[in-house]
Amino acid sequence: MHHLLAETIQSGDWKNEKHVPVITAPQSVKKDETFDVVVSIGNEISHPNTLEHHIVWIKVFFKPEGSKFPIEIGNVNFSAHGESEVYSDYYGVVKTKVQTPGTLYALSYCNIHGLWQSSSDIKCD
Amino acid sequence: MHHLLAETIQSGDWKNEKHVPVITAPQSVKKDETFDVVVSIGNEISHPNTLEHHIVWIKVFFKPEGSKFPIEIGNVNFSAHGESEVYSDYYGVVKTKVQTPGTLYALSYCNIHGLWQSSSDIKCD
Amino acid sequence: MHHLLAETIQSGDWKNEKHVPVITAPQSVKKDETFDVVVSIGNEISHPNTLEHHIVWIKVFFKPEGSKFPIEIGNVNFSAHGESEVYSDYYGVVKTKVQTPGTLYALSYCNIHGLWQSSSDIKCD
Amino acid sequence: MHHLLAETIQSGDWKNEKHVPVITAPQSVKKDETFDVVVSIGNEISHPNTLEHHIVWIKVFFKPEGSKFPIEIGNVNFSAHGESEVYSDYYGVVKTKVQTPGTLYALSYCNIHGLWQSSSDIKCD
């Protein structure tokens, strides 16, 4: 029997569901202009940060309008969950520039609750 | 408008489509028995390995039967694509053990052709 | 013969040497107070960002004063170097909190020029 | 004061010290011949694999003889430490090919005991 990982990737409204990655980015940019993409988890409802239960990583992709293929912009790993009392917050910033309108995607992974996704459209002129 | 990254993840038959990750693992294991999961790309039709066009990583997950949540077993990055004439082949092995039947998933990323998935069921008794 | 990877990790002044990771973080924080660690490359002299030559990742560690062991706070991968005209800038932010004074370390990797390191002390009270 | 991450990277004999990454690779290869590099931890003395204490990743590099710069061949993350009773063993295989003699390096990270290194020379003709 054939199973698809894609079917296990969950989504929702980050205001109600703590796992959904929040993308904070401009709605519109200029071609070749560098801009920040902030990805975070728990902006409204915080997610645990313990050795037993934590967010491990968030990936950020951009798919140009009309293309089938998302391009990975960056990957952020949250590595510390209490070791020597050090904690990584679920917050990362990557900087990028693009030449076309398209869609930003975030994909995140909780070690207990699996894969979560969100997206944000971006205009470019 | 709301877009889903999951809809961009492609699949197919690795014998015809060079991007599909191949999972080589036992069909059946014993509880708590360590086994190898080999993930590779290009077993039948080879994929380019150049600075311009290459496979970047493969992730391996296991979802226990009846669970909604895939657990990441490992991630393999293929980092060298001709630097100092060093090349990473698209082949990795991770070792794991599980306690229940379930599904192994592979997710891979080509820097040009995006995300690809495959799966393999595994019995456990 | 026994070789040490540590001996290949380069350092220098980021104002003169474009590969050295720049750490921008507070010199002093309060216990349990969340703060930003910005890591970047090329603040003074920019580094190429092409498929042939680029920065691949920066890792951030914190070693509590008196400890021998650095704890990884985060890892940022810069994944896009011109694919579909998308570029990742060499800039990342991680957020963390600590309970003791210590040292922040950055370790970065250029696909041509290897491993580079820098550090920044941080007070905590 | 200036601190070097390199000074915190530990080494030793894997037969006595459980953290040292073990590199299993041919002593001699032919130019352009694909070969396996096995990296593992705990071959003689096993390392814990719990949520509280585990090996997180191993990186593999190759430095051509006469070059100053190690090239990253691969990175393997060990992601499961008991989630849904799934465990990742500290064992990975990457495949590569080279054109010159040189040194293979492994760098590994324990979430409690920090960074560890080892190396293995390889002839090539």
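As written, the chains take the letters A, B, C and D, and residue 1 is the first residue of each chain.
Methods note: contacts are C-beta pairs under 8 Å (C-beta built on N, C-alpha and C of every residue); 3 or more make two chains touch, one makes a residue touch a chain.
Predicted model, so just to flag it, every value in this text is computed and none were measured.
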| Would you say A-D or A-B is joined by more C-beta pairs in contact? | A-B
| request: Starting from the mean Cα coordinates of subunit A and subunit B, work out the distance between those two points in Å. | output: 21
| message | Based only on mean CA positions, could you tell me how far subunit A sits from subunit D in angstrom? | response | 29
| What parts of subunit C, by residue number, touch at least two of the other chains? | 56, 69, 71-72, 79, 83, 111-112
| In graph terms, nodes being chains and edges touches, is this line, ring, star, complete or other? | complete
| query | Quick one: in the complex, what on subunit A touches subunit B? | reply | 1-11, 56, 61, 63, 68-72, 103, 105-107, 109, 111-115, 117, 119, 121
| remark: Given the complex, residues on subunit B that touch subunit D span 34, 62, 64, 67, 69, 71-80, 83-89, 91-100
| query | Inside the complex, what are the residues of subunit C that reach subunit B? | reply | 51-52, 56, 79, 83, 111-112
